[in-house]
Amino acid sequence: MTVTDQRATFDCRQAFAEELISLASQDERIVAVCNDSVGSSNLVGFRERFPDRLINVGIAEQDLVGVAAGLANAGKIPYVCAAAPFLTGRALEQIKADVAYSEAHVVLCGQSPGMAYGELGPTHHSIEDLSWLRAVANLDVIVPSDPVQTRAAVRWAAAARRPVYLRVPRFKVPEVTPPDAPFAPRQAVLLREGNDVTVIAIGSLTSRALEAADRLRDEGVSVRVLNTPFLDPIDEDAVIAAARETRGIVTAEEATTSGGLGAAVAATVVTHQPCPMRILGVPRVFAPTGDTAFLLDHFRLSADGIIAAVKDVLGHG
Amino acid sequence: MALLPPDAARSAGYRELTARIRQAAQLDRDTAAAQPDRETAAAAELARVATDVRRSVVRMIDRARMGHIGGDLSVTDILVTCFYGVMSVDPENPHWPGRDRFVLSKGHCAAALYSTLAHCGFFDPAELDTFMAPLSALNGHPNKVKVPGVETNTGALGHGLPVATGCALAAKMDSASWRTFVVLGDGELQEGSNWEAAMAAAHHGLSSLTAVIDRNRLQQGARTEDTNALDSLPDKWRSFGWEVREVDGHDHLALLDALSGSSTGRPVAVIANTIKGKGVSFMEDRVEWHHKVPTAEQVETALAELAG
Amino acid sequence: MALLPPDAARSAGYRELTARIRQAAQLDRDTAAAQPDRETAAAAELARVATDVRRSVVRMIDRARMGHIGGDLSVTDILVTCFYGVMSVDPENPHWPGRDRFVLSKGHCAAALYSTLAHCGFFDPAELDTFMAPLSALNGHPNKVKVPGVETNTGALGHGLPVATGCALAAKMDSASWRTFVVLGDGELQEGSNWEAAMAAAHHGLSSLTAVIDRNRLQQGARTEDTNALDSLPDKWRSFGWEVREVDGHDHLALLDALSGSSTGRPVAVIANTIKGKGVSFMEDRVEWHHKVPTAEQVETALAELAG
Amino acid sequence: MTVTDQRATFDCRQAFAEELISLASQDERIVAVCNDSVGSSNLVGFRERFPDRLINVGIAEQDLVGVAAGLANAGKIPYVCAAAPFLTGRALEQIKADVAYSEAHVVLCGQSPGMAYGELGPTHHSIEDLSWLRAVANLDVIVPSDPVQTRAAVRWAAAARRPVYLRVPRFKVPEVTPPDAPFAPRQAVLLREGNDVTVIAIGSLTSRALEAADRLRDEGVSVRVLNTPFLDPIDEDAVIAAARETRGIVTAEEATTSGGLGAAVAATVVTHQPCPMRILGVPRVFAPTGDTAFLLDHFRLSADGIIAAVKDVLGHG
């Protein structure tokens, strides 16, 4: 049994919904916009409190994002709540043109991202979203790791006055964020000190990275664990310091590796401080059938996988 | 993970049964009058298959503890009528170029599709036990790479009609006689991609294309008319250039008629009025059964209701 | 690269002229009868502005050696009637919250929009000389970040109606009286995103939303009816729950009437029958003038035709 | 005046159309599918030769890609010809589900990619496409640099029996491909030998990289120039050899840098052979107004920009 199994874990949609309701009760500009996703985005409570501020456009993602941009034009602060694969895959050009390029203050909330919809298969997996959205200019990308970061992200986005994409985790995760952790663009969270190797992890992989670090400490390997709730803009200084001060970096994310965390860190490293890396994520294949936990293990996105990568980067593969 | 192999014994049974149903259902072409007795016989056979499929759906969802039971039960009669009463397919040769194409655009109802395909002999029904289990070919949404009888991967709504339009276009380019069938959810029609394809299919005169709308008046979270109203649906399809037929989507004979070829040279939209959760009293027309999973007791009740 | 500043002198003229036009065009509410003389005066003013805008378009495209002249000339009367005859906007205060919203969904006709906005005083007409030049605020498609009077960035077709729907929804939520206008190309209606928004706008009863379709029957490469037929367009909009008005899109008075508020509580679709290339004889209704650039000689002829 | 200015340059849409017509005359399964883009995709000649095999679905990109998948299902080999920004941005989920995940043999031809539509602005720029499509599993990504590679790509894709994305350059480029150059997945093209620094370039940047190398040779810097027409799957061996045998790598592409060539090379390098890099491409901003040549220079995607990056990576910045 792993360490994380023993701790309480959370579906972050609850923290998301609570924080949104709390914000909405203070700021009447806040509205929720969804695509027949009231239940799956956990918006039932929001609807009860603010029936007139929940807009359901039906199963129509292009309209969903366009409508949100229009609401923003008229002074609302829309939180678009839709399953991440459809929000990002189906409305990408609307995200680019109506939101990012138009500088609309729209908060795009990708619900159930990564492989949270495990058995529902690749059409329902949102593993490409980080690569897709990091390519869009003028859009911040936030990947919370637990309820604390989810709340902070919801709050931060309301005041951001700019386009934001926010992954809202559904796959249950334990609390990982220390009480005094920063939550801001370009600010990594240091979760473990260490000087042999640095593991940088986001989302569901953060707790797994911590478990890996704890187990490796018992083996005498000192692992620094960093977490970057802001994937974009990322904390380049923390990455460069890790490259300089430890012997290698392992990144871990529940996403394709082509353009997400691993790619962001690799680009920073080769530009400023080359060092060995291992990039963990979903390889370029469509996942087989299985639940989220099964798929994460299948792709070695586990403490074991991270431990193997750390040893590999140290050359004791 | 490999492609499922066909079930030869079953597919022989399928050939025999479909032949019987079609013969029974055939109109007397000379008099253009129906033959009531034989029609009744066809309806009875189709009803038997539909009951098998519904029972299979309940068992699959019970075992997997996941699924979309309401839409499975509403679409079953459509699926069964297509595969047993109308289409030309060969379960032992699923890629036969001259086959009719069938696309389940509302891919979340994979359990009903898999049950139908297994019943036809596209693969061994024993495989249904693996629905959504690790490494199963039977994913929560249909994957053509793994499952014979599936023509394109669906699950994200609004994909089936464009793909079916492409199939029908190819048939027309080749002057081939095979037809294309696509089944859409009603809530799914809120996706604009459908209207793109509807317009293009009409423009290209794709009379071999039939779209069946599973008009159960419910979507995931509420009634369609309370979410984003679709009525008047026949007017929408007609204004996009389609021939429209409205039918009771649980009446096999009415479906058989409605699924006959186009009489206008235009693509045909069959608006099949259905009941979500059809056949299980406590699920019928109730939004929560979109994807709720029945308890052991509810499963028993459901199977009992579906027995007779 | 900075946001363009308003042109105070022009915007004063705009206020004066729009007041005159609206007064002249106003129906006698008591008798519900039109006042022919005053209407003619309004029409004459609008025609004058439209001619200015058309001439400006030709000069901009001549200078830039790029652009979409056919659609610019077909949409000009719609733009001018909206800005001078119908909408409440303040060129000196383009973000005034109570303004009417205007979205040019067919963003490739930016030259006509920029010319109209400059004419109203949203910015100095001298800026029009920079159309598409390096670092100009006046990109080939409208950028709201740089150009006052632009409400959302368009250029990719099929974006305007969803955004306009969002604007109108916000107005309704706030019980505000401002209206939202969106101008669509007819070919653009092949994009499904429009039908998603059309359905939702009707469902939400957005009577403050008016969509004007520039029905010039041509798209980029051919006639609409030869590419992906749109007829019967009124039926399509009606079946999606809209109030439909059909009008000559070059008749300013008819447009003024058609652009009045909804009489049914439903959103209004104004199908404006237009001529692509309107006003320049050799361009009219010719597909190649979608984005062909006139020679120096053709520019001269065009400006001469547009003088009278 | 630069070296490239003196050579004949080509709009590759012509080579594309000629090759497609030649293939179509040999294989009647080949069809073209477009979205009111007959002219902009240079398909007028194809339509004259094969009027029944050119399918125009109108201005409807989701339908465009879905229809192509259906045609492939029925045994056709569809070449989808549409402006790259709309093909990739508007139909991304169709590309993922109907083509890549369904393993449909569809050739997606992104016309006028990069900033070819310069003055038409960001809505018409397709700089995100490489990041967007590299994130999709089971899809090859080809970026030809000249007419020779464009022809080879069109031919290769017809026989590939798998999903392919192919950028069809419009911005004029000179011939750069040597007569005996390979054209295959995982095969880089060596354009210049060199051992100080390696420049890896694709598309419009390839000729600029050659010019930079030639000018640097005069300054005594020996630059290896590699070109990878297959961006995915890329030639990892050539990248690793470059990292080992030269002192650094500069990548250059007319695309956002978040998930394209630079990201692919950086990931390979940090995993196998860390070395200093400079990643040239479009930064994460929406381009200002300007024509293609202006914008390329604006973003330092020029021989000068490459030369500066090479010197920078060598530490004589």
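The chains carry the letters A, B, C and D, assigned in the order they are written, with residues numbered from 1 in each.
Throughout what follows, a contact is a pair of C-beta atoms (placed from the backbone, for glycine too) under 8 Å apart; a residue touches a chain by one contact, two chains touch by 3 or more.
None of these values were measured; they are calculated from a predicted model.
Of all the chains, the one whose CA centre sits at the greatest distance from that of subunit D is B. Subunit B and subunit D have centres, each the mean of its CA atoms, that are 41 Å apart. Inter-chain centre distance (subunit A to subunit D, centres taken as mean C-alpha positions): 30 Å. Per-chain CA centroids place subunit A at a distance of 37 Å from subunit B. Shown for subunit D are the residues that touch two or more other chains, namely 57-58, 60, 62-63, 85-86, 89-90, 93, 97, 101, 122-123. The set of subunit C residues touching two or more other chains comprises 143, 153-156, 158, 190-193, 196, 199-200, 203, 227-228. If you draw each protein chain as a dot and join the dots that touch, every dot ends up joined to every other dot. Those residues of subunit A lying in contact with subunit C across their complex are 31, 52-53, 55, 57-58, 60, 62-63, 65-76, 78, 93-94, 97-98, 101-104. Of all residues in subunit A, only 85-86, 89-90, 92-93, 96-97, 100-101, 122-123, 127-128, 131-132, 134-138, 232, 249, 256-260, 262-264, 266-267, 269-271, 274-279, 284-286 touch subunit D in the complex they form.
Against subunit A, the residues of subunit C that register as touching in their complex are 97, 101, 143-145, 151-156, 158-159, 161-171, 173-174, 180, 192-193, 196-197, 199-200, 203.
Here subunit A touches subunit B in the complex through residues 36-40, 56-63, 85-86, 89-90, 117, 119-124, 288-291, 294, going by the rule given at the top.
By the touch rule above, subunit B contacts subunit A in their complex via residues 1, 64, 66, 107, 132-141, 143, 153-158, 187-188, 190-192, 219-222, 227-228.
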